[in-house]
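Please find one structure pasted underneath; my questions will follow.
First chain written, first letter: the chains are A, B, C and D, and each begins at residue 1.
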Amino acid sequence: MLSFESDYIQGCHERILQALVASNYEREPGYGADSYSRRAAEKIRRACECPKAEVFFIAGGTQTNQLVISTLLDSHEGVLAAATGHIACHEAGAIEYSGHKVLELPQKEGKISARDLSAWLTEFSMDQNRDHLVFPGMVYLSQPTEYGTLYSLEELMDIRNICDAFGLRLYIDGARLGYGLASACNDVSLPDLARLCDAFYIGGTKVGALCGEALVFPFGAPKQFLTKVKQRGAMLAKGRLIGVQFDTLFTDDLYLKISQHAMAMAEKLRDVFVEAGFTLHMPLVSNQIFIVLTMDQRNVLSTHLRFSFWERLDSECCVIRLAASWATTEQEVEELRAVLKEFKKEMEMLK
Amino acid sequence: MLSFESDYIQGCHERILQALVASNYEREPGYGADSYSRRAAEKIRRACECPKAEVFFIAGGTQTNQLVISTLLDSHEGVLAAATGHIACHEAGAIEYSGHKVLELPQKEGKISARDLSAWLTEFSMDQNRDHLVFPGMVYLSQPTEYGTLYSLEELMDIRNICDAFGLRLYIDGARLGYGLASACNDVSLPDLARLCDAFYIGGTKVGALCGEALVFPFGAPKQFLTKVKQRGAMLAKGRLIGVQFDTLFTDDLYLKISQHAMAMAEKLRDVFVEAGFTLHMPLVSNQIFIVLTMDQRNVLSTHLRFSFWERLDSECCVIRLAASWATTEQEVEELRAVLKEFKKEMEMLK
Amino acid sequence: MLSFESDYIQGCHERILQALVASNYEREPGYGADSYSRRAAEKIRRACECPKAEVFFIAGGTQTNQLVISTLLDSHEGVLAAATGHIACHEAGAIEYSGHKVLELPQKEGKISARDLSAWLTEFSMDQNRDHLVFPGMVYLSQPTEYGTLYSLEELMDIRNICDAFGLRLYIDGARLGYGLASACNDVSLPDLARLCDAFYIGGTKVGALCGEALVFPFGAPKQFLTKVKQRGAMLAKGRLIGVQFDTLFTDDLYLKISQHAMAMAEKLRDVFVEAGFTLHMPLVSNQIFIVLTMDQRNVLSTHLRFSFWERLDSECCVIRLAASWATTEQEVEELRAVLKEFKKEMEMLK
Amino acid sequence: MLSFESDYIQGCHERILQALVASNYEREPGYGADSYSRRAAEKIRRACECPKAEVFFIAGGTQTNQLVISTLLDSHEGVLAAATGHIACHEAGAIEYSGHKVLELPQKEGKISARDLSAWLTEFSMDQNRDHLVFPGMVYLSQPTEYGTLYSLEELMDIRNICDAFGLRLYIDGARLGYGLASACNDVSLPDLARLCDAFYIGGTKVGALCGEALVFPFGAPKQFLTKVKQRGAMLAKGRLIGVQFDTLFTDDLYLKISQHAMAMAEKLRDVFVEAGFTLHMPLVSNQIFIVLTMDQRNVLSTHLRFSFWERLDSECCVIRLAASWATTEQEVEELRAVLKEFKKEMEMLK
């Protein structure tokens, strides 16, 4: 069945596959000391225009978040995040498992505002029982957010300024960063992120790789970071597996190109839905499309197409999510068009 | 340069590579719910003759050890291990990071004895300050051990009996299990492990896979184990990556066959060394060969060949380690023979 | 200066002081094995009509909460609490430090409702991404709450039923339990708590003791609990210090009597405020009195009297808190009356 | 029955008791902000000749060790300690519970040597797999040790120099520090400790207090230490309880005087044993006396006298421990003399 359920349902980009095959019998040292990882790190430093950045390759996103947050925070500190942030909701308490509280901020379409952040920090700093509270040590953002929205460069600079004023670190979760970079709405570049963040990661798993995220510390990593990675069970013996993939993704702008392809497909998918009379829940920003359906419509559509249930709106309506990806094809767009025609017929017969 | 530095310096077995290529564009659900992981689990249950076993695929060995130990132990319990056990030495304190002490037992060639274990537990149970001590909750063994040696079935049964008598769980780290199973010295089968252990893992990373270990709970996993995996940052979005690999390894006995190949190569490598007049530090048991060298010999040999430094014996002599693997070829054996001739000539010139 | 700042600003009740003096040179074993702790535990079991309860004496409230929650929860579970609950706000992240998330529920005057609890749990159980969420493992209540309010027996029974239906444990923080038991509004007895809770504690620190809380597990404590207490740094060498205090508090109903005295004083203090024309923020339930003041009134009153700032209501008004305790005297009530007269004069002069 | 079982079987020194009574109804703020704690801290700073020291009062020794070690170490670091050190043996894994490994060093009569320490650190720094090991971050010593022995000033200076050379912190557990300071064998003063250590604690629980240890950071405490104390459940609401006790102990040299008294008593107890023909296991250094007995002797003596079993020497002999304390009286010495006479008679009748 046609599926836009998520952006991690297929393997990896053809060129990554070729690189894995081509490098397979080469002898490389383990634990990230291989030549592919070193080359990939160098290419990422160049893409970020940040020659002093330290780059590490980690197998997954939750693991990366846990690593960064637990090593950048002091033990009495927590991390501020949107109430809808991945670390606040969908990581099974991974941050709390590492001993730190996630301090929730109000959000709109997945984004926090500089104003709310500033108000929270001002209130905290004036609380006379401060010593008995969790101290804010870091702001966590996702770019794009869990709702596919993007922070503008101005918004990020405002948040960075507040972090500086209150002595906080800034960390950005870029699980789908490629799709954000390729968005028509975007004005934030990799060099911007490297200037503004204490740490961020460039997501591979959802942007063309089999696994792996590239973690960047523009101003240097926590002391003896490799040992901390090992201690948290996050070090791969064959580090080359991720090294080869990111080396490929950062050769000839592949990372950006496949993200641009995904965005072009996302726009076409959106158009097909709009032309068929569906209502968008919010405008398309990155690779995720949110459509409003009645519960009946959802039930019927789900016999034709795989998608994600997102949330209920009220007793009658709900939101579904579809994701385009590096692997989405023109043919799938056409298949969707045909499926929606079938769907409309069926819905009319039900009346 | 010719290298026998370790068994994780090359990619993966050809058939795994082919399976990754063949499955690449198939659409599979994430987080271990894919059809490959399900099939692989079923094949492993069959190989273990244990239809009720629960099987999980985890990216690496330290991560697997940390997961199993931290979820099977109660918070006041520690894990008993050989002082040379991987968790006691080379995991950067991953077990302590999860809150549990590694209680060290004396070892010989990497193995603990039922007698020492029993003596330790008896002493503990008679200590009047017991309430102030770390309670033993589990025995950790590695099969093969870090020294390449193997527990016999009788030894494992004795240890299991002691575990039962004192209420302890038994866990076996099988990072190199394939090479153990294929050893001429071995009398322990997968079904034996499934009968004797509360948990064990079948290592993939060092036995032909790019990454991944198959964790087996013969009598059922800890409650809500998937959430515990996620919470520890150990869940891959594209679980298929490991699923495909273990599905291949457990098709047509590939896991055993490539291990047998490695053992045949290990024996040949050993023979080449012995014929060239070198001294073995201990008899060959699994895929690791330990050779005694003078420091001078080591320095010269290292200009011809890559190997691991193992340990110093005294002021003049040391032990080096070489590993055969699924990828070792006949040609490499011949190259070694040639290298050792060169080496001998060079050594004589130095006299 | 006259002070009603909190209920822990003075030492301990006279009879506790006498008991400490009287027992001082007796030789008693350490770590809670002393005869006083044993006797106190027995008296508490009797007061709870729960002969099988296990009772432990712990130095402080946050420590007790941390101990109970971290030993009763499985590692993937979190604890549900009112957003105003002590563990959610004022324990510096002690629960998260032990690895568990505090899952916040809406509250009214410090209380959660069975309806909200049930709705939360139902939604959780229907979430298809459940495996990626923190599992609810326990409900935490405080009795009285941080706002001095009380759960009725019916409310507690409803919450217990929901806990049973969803497999959750119920834990009650009784830091000020005595004042709750002595309240005219109360219909929940110690035997009720012992029937309904998996664990609760009877607060000493705020109810007449120098330090110490009596932790009660009506259905038995977690396995090897003493070792878990030691491991968390919570075991006192001279356990007698708390044993003597609770032995005294549970002799001749002292705990209840001094709480009744505190409640009588609280009512008088409230009456003095009301007679002087002040507005109560909420009706008096236990030993805490909440008064609405303008900011000007607060500033003037604070030159006559020590109290706690509670919260701002709007740009002009705020709430202050005063606490009566076991140590409050009739004389202090009269002093308050005089102070309020002075205050009124001063306020009029300011007009 | 006459008992020298330990130094924490009786309450507190008379003058502490009086101070608790005298201060009981004074109104003092909570959480360590009381005037007694402030005064006590100031007196300790003066006794240490260290005006910049930060001093905190913590309820117990294991808690203090856990606090100091978990806040001074970086997450990838462990703590080096004698294999007989309290944190290595008798704290139920409290250090591991906080995430850090205790790295054991060889010991003699409870002491480590600068030579062994230096050898360990040199070997570590040369290990090529260093990144996979627990990093040494701190040296833990106890003064006096668990065997009652003392480090000389020269020994401490040597250890400090090694710590400096390798970038380690030095922490001293002074659970029985008073008895060490009062020993005829001692040449280490409080100002010496304040010069040499990054942290140390002055034990109260075993030296005349009901509870409490004074934790000293001569060069400043970890950032926001109070919040870290609260987060670990180690903050007492009525901080005055320990403040009053240390204020008393550091008034008119009481801490030293009662320790000197204990040492005088220890010497007399030792003399009584020696005169009665018993063998000392090791010379008396601080307040603990170690006597060699046959198992028969132990059984008979235990019907007359309470003491601690220390360890077995061989199949026939064992070592028992007796502790003198601030509370030991001349009368008890005489009672011991009488008891030993009885004991001898009884032993002769058994022949």
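The definition used in the following text is that a residue touches a chain if its C-beta (ideal position, glycine included) is under 8 Å from a C-beta of that chain, and two chains touch if they have at least 3 such contacts.
None of these values were measured; they are calculated from a predicted model.
Q: For the chain pairs A-B and B-C, which is connected through the larger number of C-beta pairs in contact?
A: A-B
Q: Please identify which chain has its centre, taken as the mean of its CA atoms, farthest from the centre of subunit C.
A: B
Q: Could you grab the centroid distance between subunit B and subunit D? Build each centroid from C-alpha atoms only and quote it in angstrom.
A: 43
Q: So what's the Cα centroid distance for subunit A and subunit B, whole Å?
A: So the centroids are 34 Å from each other.
Q: If you average the CA atoms of subunit B and of subunit C, how many Å lie between those two points?
A: The computed centroid separation for subunit B versus subunit C comes out at 52 Å.
Q: Give me the residue numbers in subunit B that touch at least two other chains, ranges are fine.
A: Each of 75-76, 91-93, 97, 131-134, 227-228, 230-231 in subunit B touches at least two other chains.
Q: Considering the complex alone, what residue numbers of subunit B touch subunit D?
A: Against subunit D, subunit B makes touches at 75-76, 78, 89-93, 96-102, 128-129, 131-134, 309.
Q: Of all residues in subunit C, which touch subunit B in the complex?
A: So the residues of subunit C in touch with subunit B come to 31, 70-71, 74-76, 131-135, 223-224, 226-228, 230-231.
Q: Within their complex, state which residues of subunit D touch subunit C.
A: 3, 5-6, 8-12, 17, 20-21, 23-30, 59-63, 65-67, 91-94, 97, 205-206, 210-211, 227-228, 230-238, 240-241, 306, 327
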